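Report on the structure given below.
Note that the chains are named A, B and C in the order they appear, and that numbering of residues resets to 1 at the start of each chain.
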Amino acid sequence: MAVIFDFAVQGAQMLMVLLLAPLLTGLVRKVKARLLRRRGPPLIQPYRDLARLLRKEVVLADNASWLFRVIPYVVFAATWVAAALVPTFQSGLLFSWSADLIAIIALLGSARFFLALAGLDVGTSFGGIGSSREMMIASLAEPAMLMTVFTLALIAGSTQLSTVAAFMTSNEVGLRVSLGLALFALTMVAIAENARIPVDNPATHLELTMVHEAMVLEYSGRHLALIDLSSELKLLLYVSLIGCVFLPWGMAPSGASVQALAIGFAAYLVKLAIGAFLLAVFETAIAKMRVFRVPEFLGAALMLGLLATLFLFVSRSL
Amino acid sequence: MTMPFDPMAAVLVIPAAAAALLAALPGYRMTARLNVLAALLTFLAALSLFFERPEAGPYLLVDDLNNVFIVLTTFVGFTTSVFSASYIDHELEIGRLTPTFLRFYHAMYQVLMFAMNLALIANNIGLMWVAIELATLTTVLMVGIYRTHEALEAAWKYFILGSVGIALALFGTILVYMAARPAIGEGLPAMVWTNLVARAGEFDPALLNLAFVFLLLGYGTKVGLAPLHAWLPDAHAEGPTPISAVLSGLLLNVALYALLRFKMLLAANPYAVAPGPLMVTLGLISLIFASFMLYRRRDIKRMFAYSSIEHMGIITFAFGIGGPLANFAGLLHMTMHSLTKSAIFFAVGHIAQVKGTQKIAEMSGLTVTNPVLGWGLVIGVIAIAGLPPLGIFMSEFLLVSSTFAREPWLAILLVFGILVGFGALFLRLNSIAFGEPRGPSAEAKASYLPMYSHLAIVFVAGIYMPPAIVMWFQNVAKLLG
Amino acid sequence: MRGLSFDVAHLLAGGLVLVSFMQLYQDRLSALLNMFALHALVLTLSVAWQAYIQDAPHLYVTALIALVFKAIVIPIALHRIIVRLGIHREIDKVVGVGATMLLGMGLVALSMVVMLRVTADADPLAREDLAFALAVVLLGLLMMVTRRNAVSQVVGFMSIENGLVLAATGAKGMPLVVEISIAFSVLIAFIVIGIFLFRIRERFDTVDVQALDRFRGERS
């Protein structure tokens, strides 16, 4: 009986992330529009876009290979699994043994790799530019992310997200510089990875500045829908990751009652809303930087991550 | 302590009071005389320390080791003030200095004397650090006093390198305190020399080692040891010559004295690394590097600045080798070098004034045009190069022979370095002192007394050392371990 | 309480190292001076916290000196100077940011390795403080090496001093004399620098050390 319930909860989480992802993107857009004193599209616009794209016919380039057709599914699958692994409203889910930070990074990394391949596959110059820039960003963002993970793992003694979250709610944490630095680094990585404003603009199609959009320019129809959905999932993933690690309050422990689950779910929604709001404010307040400044931005993230790790060696463990 | 006259305090109070007085008084002729008088009084007070040694307090201390240093410092300080009086006259005449700056100069001179005496007499590692920093800041101001391009560059370089050195030294000082705290307890007692040396055996050796590395780098910068010497030639060449004489003859010694104190601390701890090899290495590097650099000098003050690096290398080497004989040689060498080098700078100062330049190429035949100055320089260079029968020959001979007995390979390097430097000095001396007279040759309005009195002491010391002084040096050498 | 007092000390000392890095990163002079003011502010907090947990009231004096002189007076004065010299927009960098940062990281790691190994049986608070202090000192040195403008070198020197103050306060019970004299000598150093800047300005209209370097007594 308990197993079935656990299965149900795990399944609910997988579905929930899928359903909430477009909403999160819609919320960010809405808040941004409001901040600019526009009315903005309705919250459910991303769902409508996805539905529209799914109905449309796929147009393929003449020289697109089979890889080009397969990649949207691969990317979507990898991102979805990664997003579903991050504890959201309850820690210690059935599959939480696999919710390892390094596994999540690996899943995201492979999704990115395939996407970059797709950008190169058709052989247009845009795709090539997009892929090469994406790789440049990734080459710095991933080490930065790993340094953050090291920090967390060293503090909590595990790379299991559930364990980390449980540790963070305990009293042992205290005030730690390393955690603050790791939060900064993780936020910077999240901004870069999700192609948000100072690094890339998700709403632009200006050739000179785009990174992510350039890479997926050749996609259409359901392929594009999948790719859009995966990037929405990725945004959700990062927001939930930051929420799970740095704001673990309200999250239900494993085997909790239905009531606790409801509280956990409500807390999760609040966290998402806060995340969306902060992201929108940040994006409105800041200007996009030149592409060549991006390495500096990510270099700072990498440095913070490194510093966070180093600081651990002189912290309480002394 | 009921005595009305406390020589330990007098050594500090006289220069401090004189500095205040000199800063307030106008009229450079009188202030120059006052400067001499204050320096003389300080010297006399220092001499009296030989006979009447006050009790060591938590801040001040006089023992066999620093007594030698204090007397040497105040003596050279006194003779330099005599030299400075005649030197400054000329600088005023040609307008390189104005009376306002002169007032500042004299006050700073006494502040410098105060700082050096304080550094030597301090019984507290923190106080000593403060004093050495004060001495650095004063000399920075004095080096930049001509306010030319070169002088400012030299002063800036000196300031930056000197402060970095002093910062590292402070870090080392803090580490020493950290090492001492568990054994001695918190607070003031853990920074007092006498306590530190007495209980050094109980300190944490690892902390002590690290502290010594910082101290060696920090105070080593001030000594002018080779990789850290970059400030030294500029500061010597661009400042007023009396300051070059004090820098070379005294301030380098003071920094070295600080190092020696800390070396004693390490030597008293059986588990700490032996500081000797580090000092030997730095000393040898300085010696050989500076000796080669001597060949390419075109500026006479720079050349003798490099010669100072060379000799500091030899002295550091001697103390690094350690043992009664090498320590004795090191002490003797230090004393002789101070006297000789300041005498050389006295000569060089007047020579540069007569010739109106510091470039070696533009001065030659000095023994013909200005025989008194020229021959003084010749004797000085003979002494500094280590020819018998002068004092430096004695100390170098002692050092080489004691090193040969213990570390033949090091002795070969040592002799090599000394010989290279020797060659360079004579090459230059030949063109300066002899050869076709060139350039202006007006009679210098100089007082030759300081220069020749130094040289006379060096000469006598090479032939005959009074047994009392030998005994004293031997005692100190034993103390150094 | 023991845990919290350590954590706050750790936070502040770590913050000091972080601000050191931010100083290394800044290439505009006025921004650099603001960073230095922040550096001094963090130092003030750190020293005040040490005073509180060590129950050593004299450290509050050190904190006050750091606050008044280093966080307020000196940055304002230096701001004035660079505005007067017209170099406040100047960009000053010798080595690239990336290389400097990596080098800085290496230095931080080095200082931790050295300090932790050496101070194995000291009190954790002091160990942590000394390790961070050494890191700040080394980063200040790095800054002096990688910059060529006189003002940035001075800032580098003052951050070295900040590191030393941190070390001195971390060493429990170090006598007052030294602390005040440290702060005092910084003041003296500043006066010296001020005089220098004016003289340099007076003479060559630049405080660029490279311009000074052109001149070597040897060559003339």
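Keep in mind that, in the parts below, contacts are C-beta pairs under 8 Å (C-beta built on N, C-alpha and C of every residue); 3 or more make two chains touch, one makes a residue touch a chain.
Note that this is a predicted model, so its numbers are computed, not measured.
A centroid comparison over C-alpha atoms places A as the chain most distant from subunit B.
Chain centres defined as mean CA positions place C nearest to the mean of all protein CA atoms.
Subunit B and subunit C, compared by their mean Cα positions, are separated by 31 Å. The geometric centre of subunit A is 66 Å away from that of subunit B, both derived from CA atoms. Computed from the mean C-alpha positions, the centre of subunit A lies at a distance of 38 Å from the centre of subunit C. Partner subunit C is touched in their complex by these residues of subunit A: 174-178, 180-181, 295-296, 299-300, 303, 306-307, 310-311, 313-316, 318. Interface residues of subunit C facing subunit B in the complex, by the touch rule stated above, are 114, 117-122, 126, 130, 133-134, 137, 141, 144, 150, 153, 157, 160-161, 164, 167-168, 171-175, 177-178, 181-182, 185, 188-189, 192-193, 195-196, 199-200, 203-204, 209, 212-213, 215, 217-218, 220.
The touching residues of subunit B, counted against subunit C in their complex, run 124, 126-127, 129-130, 133-134, 137, 140-141, 144, 147, 149-150, 152-156, 159-160, 163-164, 167-168, 170-171, 174-175, 177-178, 181-182, 186-188, 190-191, 204, 206-207, 209-210, 233-234, 237-238, 297-299, 302. Those residues of subunit C that touch subunit A in the shared complex are 3-4, 6-8, 10-11, 14-15, 17-18, 21, 25, 97-98, 101, 105, 108-109, 112, 116, 124, 127-128, 131-132.
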